[in-house]
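You will see two complexes here that share chain A, one where it goes with chain B and one where it goes with chain C.
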Partner chain A sequence: MTETATPEPLPAVGEARLRTYWAVVWRRFNRGVLNRVARAWVLVLIALAVLVPFLANGSPYTAVLDGQHHYPLLRNLTRLDWLLLICGALVLAGALVHRQLVRRHAEVDELRSAQVRWLAAGLLVAAASAAGLFGFYHDYLDTRDYHALQRSGQLHEAVFAPLPWGYKDQEPLELDRTFAYPTREHFLGTDGNGRDALARLLWSSRVVLAIGLISEVIALVIGVIYGSLMGYFVGRVDILGMRFVEVVEAIPTLFLLITFVALYGRNLFMLMVIIGLTSWTGIARFVRAEFLRIRQLDYVAAAKAAGLPLRSILFRHMLPNGLTPVIVTFTFGVAGAVGSESVLSFLGIGVEPPTPSWGSMLNEAGNPAETFRWWLAIAPGLLIFLTVFAYNIIGEGLRDAIDPRLNKME
Partner chain B sequence: MSAPASITSPESPLLEVTNLQTYFGTEDGVARAVDGVSFTLFPRQTLALVGESGCGKSVTSMSILRLVQTPPGRYAGGSIRYRGRELLNLPDKEMQKVRGGQIAMIFQEPMTSLNPVFTIGDQIIEAIGLHQKVDGAQAVAIAQHALQRVGISDPARRLQEYPHQMSGGMKQRVMIAMALACQPQVLIADEPTTALDVTIQAQILELLRDLQESSQMGILLITHDLGVVAENADVVAVMYAGKIVEYATVYELFDHPLHPYTKGLLACVPRLGKEGQRLFTIPGQVPSPLQYPLGCRFAARCTECQGAVRERELRENPPLREVAPGHWMATWSAPGFADAKETMPSLSFRRPRVAAARTA
Partner chain C sequence: MLHYILRRLFLMVPTLIGMTLVLFAVVRFAPGLTTGGGAFGAGGQMRNQQARAAAEQAVKKRLHLVDAQGHDIWLPMQYIYWLNDTLHGDFGESVQYNLPVATLLKERIPVTLSINLVVAFIVYLLAIPGGMLASVKRGKSFDLFWGFGTLALFSLPIMWVGSMEIGFLANPQYLDWFPAAGIHSTNTMWMTFAQYVKDYLWHIVLPISCLSYGGLAFISKLKRAAMLDNLGQDYVRTARAKGLSELTIVTRHVFRNSLLPMITIFAGLIPGLLGGAVVTETMFSIKGMGELMLTAVFSRDLPIIQAEAFIGSVISLICLLITDICYALADPRVSYD
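Presenting the complex of A and B:
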């Protein structure tokens, strides 16, 4: 709509030509306002997951203790914190580099080889830093309570994070600040252990992102491989294979999870694996259906007529074309996984305390035997709703952007 | 019309299809999509396979490259010889080399025949790398040359483009370039212009003619457009219900059609200057390939034969016989059909080219 109102300068010849399939889809996706909002929300969540130690932390950035300058926040960063920071920085750098490359290269081939070089470099840096971190860096166990130190006047010139609470910093019991109403000190009040609700809310973003992405990636890998094999080997293999899919679909995930938690205790990684192992069937069905469709298409016949070997036809020509609806299913699946994690945590069989998650916060808000603590319910409930909603909007937006019937209307 | 000399020329054929039978097993029985098709294709010749939808033209062309899915398809009989080599029992590995390298094919729908996620260059170069021993730079050069040959300007840039950036005519040119990049001897063009608009049709067909002149390849042109046939074909095979019913040079066929079906087809073509008449249509429908009638498959729609001949038509399926030198057809009602012999339809006739006609 702005294109008609304000005539943009005509793109250079090279720019106009460089529109890959995904660039077209992406542009169409970004046309929707709601899509952009949802995308922004997920980006905010990702940024939050990476930067949360600097936003909500019980340790001050810097402070003078016993006459010495300390930097407790930096020293207390865990390996995971560092890894996320490095990966976040790499992704950001990658996005900027990509933008520059697209602007500079008019040729798809050049762009592609440049992209491959940069990607390889980025992966190398990521792998090296991961190896370095886990090989040489050790988490520092800081038992000091900086809030107590400050109250007793031992801490000077302390500069705290915007929210001076981490996810496991408790108010001392003698202050009796468990289940406290929102105050200036704790914007969203505190939970049953006297921990700041807002801090826990922010730290939860990590669990939410991790459970959604990792479990769906597991599902994606299994689903794509299984589905493409079924779609290719039509006939008896397909018939038996799809019955197995139905068997897997019949497994009640929730009861399986409860059983595993009862047997082996709580473990976030186990949750992800189980959710992944039981939710690949939808993706497999989609990929199978796509393969059944694509094998009838002219360009597959053309590829065969050109004498291409089966390997190339299957994986070079069919798979990339069949992945499109999978990406949509993937985003819906992420939303579903976020929802199931919340449910599990709400039931008290999700993440292990003190790791925060929105579901477990909800659990504390409404124990039926006690009073309803609205300040612990509203924010996490809203965030669960918004996140699931955002993933669903992204999924729907991608589906619309990919839909060939809408392409024609341009 | 055809010069007798060309009929008896000792040239060796590129492609000989003899009594090809391609059947499909369906739930309702066996569909005899192609049921005894024979023809011969010579170098630098255009053989048009004509017939209405569903008569088995496309299955014939798919069978030559063995692209029919088996099952449900099955090559029930006959032989396909490419330069004397039988293709129907060639191992898959060998067949892959023939496809694209020796016999190439272009499809009806240029819009869907290119893979949307790869650039034009990716697709042409992959095929080149498969059939020719060349390095990357050479393959790019060959691909550029191929695009240039089909009249695409700025080929270096076009190689970088995706199919959705091109028009239908352009895509069909790319398909032709892709098919020709490996210098095949035979090009199967399965309704190459049906999906294109008329002006582009003419361009594409002219392009095919020019490329044929320069590369000496044989073209099997599959179409239902008699205008296209009249302008491009050297030899015409008319197909009806899985069989060839008439086979002759293009001039002979258009001047002296013998089979009632061919006559009907020709009568269906609108003519300039003929006003105030409804177009002729052949009454009735093509019989289902699941249950062909015992006798002549056209008998139910035929108005020509009467009496005893008709009795025979309904009882006995007429084979394809050479009723006159260089003219094959299949109907009992034709004069002299009873005495004619069943010979392999083979005509090495090529129409005089425009350039040749000028010098003559």
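Presenting the complex of A and C:
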């Protein structure tokens, strides 16, 4: 009886994605435990930023007031809250759809076109809901203090959020609960205005995520355009361009940030733009280096010979192949932007009060040389640290996953 | 060699001009540059319309936006006037201190620079042996631990560490081991030199510890990579074949050959340290450049902000130049032409 060699098991349906470049990188990234932990932390932060109105809110989910049922929490959701919720739901749905598509389509080309169709549909829904929200929905100004109402016995059957405080709900002054120690009511104590520290900590996740991502996207756009032009037109453009990059890098970043903030004001949007404007040089350098390599390749010459327009050559043909180092730089950049924001907020020139941010909470804990309120100072700093660290770990993990030298070793 | 230095200096001129252009543009196009409510709010309390207009005119004249007759000056000429003033050391007068900015900076720069140089020295002192050891023990637990630890330190926010240090180590509530403010005691007049130095060191322990851990990751990583590059070279095999001990190979041959990248990093270290100085100096009430910058922001003292950004950039450029020269001195492969 001849022994038949056991045949190679056929690749399961859905193996197609495992052969694409990014799938390989992703799998290698997921091999590291730390990478997965860091990714989980960022995901938790994102979930927190979306769901925070339901977790920490001064208005109850439902309550009976003057004999009528009210739903103050839902009523008080702002446009931004709704927008984040819708986007969060869309992203979640997108992940599920992606999983299904990968199961269904074995061919990469088919998969890509299906993905593009679904992505377009998702973006359409997002745009429509944004237009609807900003066209027809208005933020509701609710000045009722539900805690006071409950204390005076006017509020019945109230169901509060797990943490019944929003980021600007103050304890009444006559209770004298400013800078209070942690208690059963306020797990991390209260700040100088009698606001719950834990609630502010949770709400801060929004500012931190938004500034980190949006300012880096701004930097990414500038850096990619600038770097690709430099790398494509070598010679005079490149030399002049690199001089300008050196000029911007020579100015100490924090000094430049402070100068910008001092002169151009400091709302949240300005802050994102300013941080983006001061952190694009690294991305530009990397894109330039990649483009210098890619422009030598034959397919670029073919694209040129075919008479494609410049933007098509640069962004449709060259950029996808030069994107790899950019993603690593982007991740480190997000870490840097979160750090910059917290430093600026700590110095008192970051986001404006009452918007909470971990940096400004550290500042609001007071001067540690006089009365050191460790219960207010430890948590925000720890969260800044964990977030910046998580982004840095993800950056390192991606770099290791992408590095071709590691490929060879396997 | 002199030729090389001169050439580097000459190449630095376009960078300097570009830098001044950026700074000029940032300041010049700021909204409310000359109006009371904007960036120039020092005279914000003036009720009198006429006095406000006169003050605005004076500011405009000083910034070379208008000439003596009150006519607008062409934008490029504004830049040239400003550059002329700046290069002559005339940064204008501080609104908040009523002193020439140059005088203020003369006091502040040595304070910040001396601290930063000590910090840079400490960073190198810790990072180089760490990076070496990590490269020798590549892939082993020390390597992983060192990489992870320095990355964690890199992510640690300065202001948090500073708060914790002041709160727990420099506060009568807990441990009162270190002073919480300044770089000198008040009675320096009666100190001998040794006492003076000791007092200074005692004061700067905490600020320096805040500033120095962040740079470890970068430098030790670079050292490790350079070491690994060299460890794979043929001369290491030759040395092993000669029967040299591993310790000798690493400390005498590979170590020296992998020192070059350490020099280049120095130029990148200083701008970051200047930024960190803003935080530490504010927390520890050290009268340095960073503290001056921040107080200037709060009192909207434009001349100081502008001058500081300029001086900070010039300092980074000088570090870049020193780095280049050191590199040329250390590496015989760099040609001097």
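In this section, the second predicted complex is superposed on the first by the 354 of 410 C-alpha atoms of A that agree within 3 Å, B and C clash if a C-alpha of one lies under 4 Å from a C-alpha of the other, contacts with A are read in each partner's own complex, and residues count from 1 in each chain.
Just so it is clear, a contact is a pair of C-beta atoms (placed from the backbone, for glycine too) under 8 Å apart; a residue touches a chain by one contact, two chains touch by 3 or more.
Keep in mind the model is a prediction, meaning the values are calculated, not measured.
Participant: Kindly classify A:202 by the partners it touches after superposition: chain B alone (first), chain C alone (second), both, or neither?
Facilitator: So A:202 meets neither chain B nor chain C here.
Participant: Is A:56 in contact with chain B, with chain C, with both, or with neither (first, second, both, neither)?
Facilitator: Touch status of A:56: no partner.
Participant: Determine, for the superposed model, which of the two partners chain B and chain C contacts more residues of chain A.
Facilitator: The partner with more contacted residues on chain A is C.
Participant: One more residue to check, A:264. First (chain B), second (chain C), both or neither?
Facilitator: second
Participant: Does chain B (first) or chain C (second) touch A:243, or do both, or does neither?
Facilitator: The second partner, chain C, only.
Participant: According to the stated criteria, A:38 is in contact with first (chain B), second (chain C), both, or neither; which is it?
Facilitator: In the superposition, A:38 contacts neither chain B nor chain C.
Participant: With both complexes superposed on chain A, which partner does A:317 reach: first (chain B), second (chain C), both or neither?
Facilitator: After superposition on chain A, A:317 lies in contact with chain B alone.
Participant: Quick check for you: in the superposed arrangement, does A:107 touch first (chain B), second (chain C), both or neither?
Facilitator: first
Participant: Share the list of chain A residues that count as touching for chain B in one structure and for chain C in the other.
Facilitator: No residue of chain A touches both chain B and chain C.
Participant: Which part of chain C faces chain A closely enough to touch in the complex?
Facilitator: 14-15, 18-19, 22-23, 26-27, 30-31, 33, 39, 148, 151-152, 154-164, 166-168, 170-171, 173-174, 180-181, 271-272, 274-276, 278-279, 282, 293-294, 296-298, 300, 302, 305-306, 308-309, 312-313, 316-317, 320
Participant: In the complex formed with chain C, which residues of chain A make contact?
Facilitator: Per the stated touch rule, the residues are 34, 243-244, 246-256, 258-265, 335, 339, 342-343, 346-349, 359, 362, 365, 368-369, 371-372, 374, 377-378, 380-382, 384-385, 388-389, 392-393, 396.
Participant: Spell out the residues on chain B that touch chain A in their complex, using ranges where they run on.
Facilitator: 62, 65, 67, 96-101, 104-105, 107-109, 112-119, 121, 126-127, 130-131, 157, 160-162, 164-165, 175, 178-179
Participant: Residues of chain A touching chain B in their complex?
Facilitator: Spelled out, the residues of chain A in touch with chain B are 17, 19-21, 24, 107-109, 297-299, 301-309, 312, 316-317, 320-321.
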